[in-house]
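Questions regarding the structure given below will be posed in turn.
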Amino acid sequence: VGGFGEGGSETDAAVGMVYATGGTGDDSFNDMAQQGVQQADEEFDITYDEAEPESVGEFEGAQRDFAASGDYDLVSCIGFAQADALSGNAEEYPDQDFIIVDAAVESDNVRSYNFDEPAGSFLVGTLSALLTGTEFAAGNGETNPDESVVGFVGGEESPLIESFQAGFEAGVEHVDSSVEVLSSYVGDFNDTASGQETARSMYNDGADIVFHAAGRTGVGVFQAAEAEGRFAIGVDDDQSVSQEDYADVILASMVKRVDEAVFTAIESVINDEFEGGETERLGLEEDGVETVYGQSIGDQIPDEITEEVETTRQAIIDGEIEVPQEL
Amino acid sequence: MSSGLSRRTVLGAVGALAVLWLVAGLAFPDSWAGALLSIAASPSTHTAMLRLAVPIALAAIGGIFAEKSGVINIGIEGLLIVSAFSSIIVTFWLGSGGSTLALSHHWWGFAVGVLASTLFALIFAVVCIDFKADQIIAGLAVWLIALGLAPFASRIVFDSPNTAGVGRFQNVTVPILSEIPLLGYLLFDTPPQVYIMLGAAAAGWYLLNRTAFGRWVVASGENPKALDTAGVDVRRVRYAAVLLSGIFAGLGGAGFALGQLGTFAGGGETAIGGRGFIAIATYLFANYHPIGALGGSFLFAGLEAMQIQLQNLGYAVPTELIRTIPYATVIVVLVFVGKTQLPEAAGEPYDGDEE
Amino acid sequence: MNDSGNDRNPRSQRDLAVHLDGITKRFPGVVANDDVDLRVERGSVHALLGENGAGKTTLMNVLYGLYEPTEGRVVVDGRERAFDRPRDAIDAGVGMIHQHFMLVDPMTVAENIAMGNEPRKWGGLAVDRDRIDREIADLCDRYGFDVDPSATIEELSVGAQQRVEILKALYRGADVLILDEPTAVLTPQEVEDLYGVLEELTEQGKTIIFITHKLGEAMHAADRITILRDGSSVGTVDPAGTTREDLAELMVGREVLLETGGEPVETGRPILEAENVVVEDDRGVELVSGIDLEVRAGEILGVAGVDGNGQSELIEAITGLQTPDAGRVSFDGTDVSAWSRRQRIEAGMAHIPEDRHEQGLVMPFDLVENAVLGSQRSPRFARGGRIDWAGVRDHAEDVIGTYDVRPPDADADAESFSGGNQQKFVVGRELERDPELVVATHPTRGVDIGSTEFIHERLLELRREGKAVLLVSSNLDEVRGLSDRLAVIYEGEFVDVTDPAAVTEEELGLLMAGEQPDDRSRERPASNPADGGER
Amino acid sequence: MRDDLERLLERLVHASVLERLVISLAALVAAILVGGVLVFVSGAFASCRAGLDIAGVTFCYNPMQVYYELFLGSLGHPLEGGWSPMNYSLATTLRQTTLLIFAGLSVAVAFRAGLFNIGTQGQLVVGGLVTAVTVLFAAPYLPGGFVGTVLLVPLGVLAGALGGGFYGAIPGALKAYADANEVITTIMLNFIATGVTATLLSRWFQDPNSANPQTRAVPEYAEIPTLPGVGFSGRMDFSLLALGFAVALMIAIAWLLARTTFGYELRTTGIQPEAAAYGGVDEKRMTVASMTLSGALGGVAGAFWVLMQHGRWLENVPDLGFDGIAVSILAGNNPLGVGAAAFLFGVLDSGSSSINTSTDVPPELVGVLSGLLILFVAMPEFFRMIGRRFVDTDAAPARAAGGGADE
């Protein structure tokens, strides 16, 4: 039984997307992956289908649905939580090509993409620490030079999110150990209201800039920045674009180029160049993670600060700075 | 015989503890007590408390009407979800920032949110009153339907369980009054949904205690047959009470959505996240008193606001545990103040024809 | 509407306040009223007499608009009416005081009286509470009532609650007042007061219909009596021209023996002893304040009293349904104060509970499942945690057979049996335990005369077998007829333990109302110091 | 002929177990109808490349396709070529069925005792963690291989039952001794279970090699074994043995309720507490006991979730406990009905991923459907009314939903 008016047509490639829990529309991680496949859709003649499992237990089945049908040239598994499920499925379907983002699965038909989130977070930590000490006003926000406080809001506690926190705190510490970091978890990636109140309380405690790794909850952080006239830093994609309403308080975003990873993988499949069994480490050097300054106010950040951030970036790439990977 | 403690004793004990805390906190500002005190005393805790109290207080007041009339509405959480979601989506459709017929689109969205919640309450009323459904089960169903429907609709419109953002209500500052020390910033410089909450609590109290309708609601929950034989249509009273619970919950959900959320996240437990259930605990705690429910919602919202701040202090308490404080408090409150007397006929469908 | 104020002409055929013409009311499976005619003259007291289930309440519910008649006409004040709901009846000047009071306990007297008819002020935005208080005061003046409008119902005595009900009807401008078994819960003195009120009301032109199944009351208070049997009217009589026996026969359809009784039996060892039992409610108010009692083998100890004077709590303390706050209960010489309800059942304490619907039977269970209630752990029916359902079924069928439970269907749910048959089953189950002691609370309440006789017979038989029986009842004929010794309970204390044969109904009435009769005779003084009257 | 039919229908309307069945089926049909309309209408708001045009409006979704995917997709599309009964979709369906039988029994047992246990979810979360931790702790001390399976699986299940039982006993005791409404306390305890287990996990039990919040994996031999030769491969995370155990437990619970003293006392307490007290049942103890049993069943659900599906405990526990409420309600709280209801919800669960991948309709539809299903099950009066239109019967006394009979 088909849908209304459905018609099949031959294409260069069919892609199955299995998103991380939380699903598309998070304006960050999953949406980035989706942008990758959409970009491929625009540039090549492909079709793609999407699965948005709601819990970790559903990954296995979602991956398998694609793989077992044999209709897909590539199955993209977005998110570290899919690793366990994929290691089984890769073995079961040796002829199916997979990619996985944010984890490493060792199998000949899987290509893994890993991002160096701590390093990316380290850089926005550096940026925040440098700014909180200076007098700076842009868009709808301004810093309070008397207080040297910054904040971090996490979604649910998990080793991954804690690695964002670890990198961020280390970045702040690297610049000025007297800058205080307030860190807090909302316990939910969807609780905008608590995200807002959490960030508000940070701003009220003197924070000038709050960095979030909290999915949808992060929208609350931007709202709080807006309401309190302070700054926020986004995550995963350039949130000054995806959350345009808050562009005048978003200094920068710690971008993970998930879209790049997905796009290049699809491209390689179309060109018959797909190589499994490898793990690509996407760090600062590969531009896999980067600091993208806000569309609207990013260019007002003093040059000496952005230069300092760039110096730090180079130092990390050169191995002069060791970035902690966990708390 | 009486195993529990009386409400009065418990309130007394809580009061004594509070005084002890105050003294300890003032004497040793660096201690736990002092830190907690500074959090509790901080204006940002208070304003956060007021904002977070909105959905809890309004849903609780709504719940009071339904349950007092004999219909236990455990689906209040669903009503909050429905009103929050529909107010956002309607504002989005109309275009946030604009206005139609001299009323800003936010207020149109707000009105539709209340309407949607009332409509759901109407379905619940039909099912419980006319079809004599088990109220707990029907309430649960209302919650589950709302829990599925909001992200379902959102995915169709936005291709995502989350809606787009629509901006939020601005604070409304009452000139002069907002200058009053202590109370001014709290009560007279605050977003509109807080005024709505305060007004609704007063209105709810008046309606329940001072009008004939309010007395009928009480009678319908205690002894519907008495009301029936006094010539008042129990069915109509119950319908009205359940619809009222929809209106109040709608005010809470839409106010919270447009005043606080500015967007609706439909994943997981949604952006409402169980606040409707806290509301039920709140009105039980308040023993069905609308003003008491307002106070109770301050307690729970205050705890939520405090746990947020507590994390910032960086004490080495696991954040996951701190977050359970409000829930644990609900249990403690129920256990010690739990002598709430359910209305005699609550939960029973009324059948006028039966002996 | 109220055009006939003092126009008293009881003999005029024309001046009928109410005329029910050929009323038939069918429920699924039951014809509750079958072509009933009722003519009530203005300004008269008209009694509606009949056994339980005869259809009295149903008929009045039809008049009050609660039920729609299947057939027939309702004529009030000479006009035919079709009442859809009580509101319509109220508007036509009909008020009803129900068998179970229709009052909202946590609300005040004033709120109850005005309910549904609240005067408004501020354009309907508020209730004019002053006006309610004023009008209640007026009514109280007029009819000589004394109630506090700001008291809550739960604070009031039953008699006072009844007066609130009457006020409620009057407040609505009722000209016809229906009282459904108004005396069931009253002391004899309160009953006298009620008669006074009725007289006052008829003098002011009101018409009274009052339902009862007590012959004496109908004879005493009514101007006319209509007798219902099995849903049909079997006649309307003038009390002056009939005897109690005639009435009883009309009511039951056969000749009735109005006396029971038993020849004295040798009493044995004490089976049940209670010392200084105290039971408090949640708020610490004493409901039972230090009662002592003793029941010997072969003896029936009766406890008389108006409902709500602590008898329920006393029985619960004895049967183990409630832990007394002080005192000691011994059973067959053993202190059982700390025993659970189950231990007491197993030791041989049978209990016919006050409320068969709530306690004695699990309504949605069939009789087989009900037959094992209380014995579910006894070795007779349960082995290794398993219930021997085949054995239970046999037992249930025995009880059904022996106690003439009708219909004799063990697989039918308890709720599908009539009250009397339910009671017979409970009585049978309890007595077949082969108990040492039977605690029977209102064993014949709501049970028709035939079944009542049967249950009485069984209790007397037990006594003959040398068992001990503790009998609690508010039915004076019953306790007087069956008991060897009779205690009267008032406000949680025994005010007297006496020989039932030596005390008159009037004296009992006074005792039950908490007053001491002047010349009381006590032939057989109580064997224990239970005379708590002076305490 | 017509008379016979009428009599049959009449009997159906009267007999309580049959009536439940008919009502549950009718509720299912009603929910499917309403859901279908919802799908069709919402298709007008969606955008699609091609759809059904009616009067200028494009309807994107075909309800028939949705239900085809939902019901047949969950069985692995048996009507299409190359179907094998041991397919993954069916394994998913049966896995969910197995887990939901435990969860449904948990809710049903409490329900029959007159308690509304919304807390099965929390009991499952706690029980699952206790299972995982116990097995992880005990495994090094025990031999591996077959012996390990024989020792560790029962140990793990027992540990889960104890953990869940303890967590269920809390609201039971609060209800019995402090009169705290169990609906509220269990809802709160669900939140608390999430917080407490998350804390325990991050403090002590986190798998150091994973960025996922989860414990280490239990040894392979400690997972529920699959039947060799017959049935589903281990990769499908489903074991027929587990389903067999669930069915056996279901029958055992039905037997317990119908045939034993404890079951009799439990049912009596649930229907009429006063009568139970009169019959010598200690109501407080029964409240605690039945909540403990209920919690233990929830814990067993958690244990199987750990030992059958993941081989470890994950912080993100799916909403099996809440689905258990739906299952129990649909089954009229009858343990034997729980099996059928669990299968239906297994189908819904597994079919939702089929909807997700094969159609454009949002899979949240399934949540709406189960909500509708419960709503309709809650109003038997509605179907009786419809029934009476077709059969003119002297209706039996209306009975409240919730306390369905056993036999």
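When the chains are written out, they are named A, B, C and D in that same order, and each has its own residue count from 1.
In this section, a residue touches a chain if its C-beta (ideal position, glycine included) is under 8 Å from a C-beta of that chain, and two chains touch if they have at least 3 such contacts.
No experiment lies behind these values; they were computed from the predicted model shown.
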Ask   = Which pair wins on C-beta contacts, B-D or B-C?
value = B-D
Key: Approximate Å spacing (C-alpha centroids) for the pair chain A, chain C   = 76
Message = Using Cα averages as centroids, what's the distance between chain B and chain D in whole Å?
response = 30
Message = Based only on mean CA positions, could you tell me how far chain B sits from chain C in angstrom?
response = 45
Centre distance in Å when chain C and chain D are each reduced to the mean of their C-alpha atoms = 48
Request  = Check each residue of chain D and list the ones that touch at least two other chains.
outcome  = 195, 198, 202
Ask   = Residues of chain B that touch two or more other chains: which are they?
value = 155, 161, 266, 320, 323
Message = Dump the list of chain pairs that touch, please.
response = A-B, A-D, B-C, B-D, C-D
Task = Quick one: which bits of chain D touch chain A in the complex? Just the residue numbers, please.
result = 43, 48-52, 59-62, 64-65, 68-69, 88-89, 92, 195, 198, 202, 206, 210-213, 235, 237, 309-310, 314-318, 350, 353-354, 356-357, 359-360, 363
Message = Using the touch definition from the top, list the residues of chain A that touch chain D in their complex.
response = 1-7, 16, 21, 49-58, 60-62, 64-66, 68, 80-81, 83-84, 88, 92, 102-103, 156-160, 163, 187
Key: Interface residues, chain C side, partner chain D - complex   = 28-29, 321, 340-342, 344-346, 351, 353, 355, 358-365, 369, 372-374, 376-377, 382, 385-387, 389, 415-416
Remark   = Counting only contacts in the complex, chain D reaches chain C at residues 259-262, 264-265, 268, 271-272, 274-275, 277-282, 394-395, 397, 399, 403, 405
Note = Interface with chain B, chain D side, in the complex: residues 42, 45-46, 116, 174, 177-181, 183-185, 187-189, 191-192, 194-196, 198-199, 202-203, 322, 325-326, 329, 362, 364-372, 374-375, 377-379, 381-382, 385, 398, 400-402
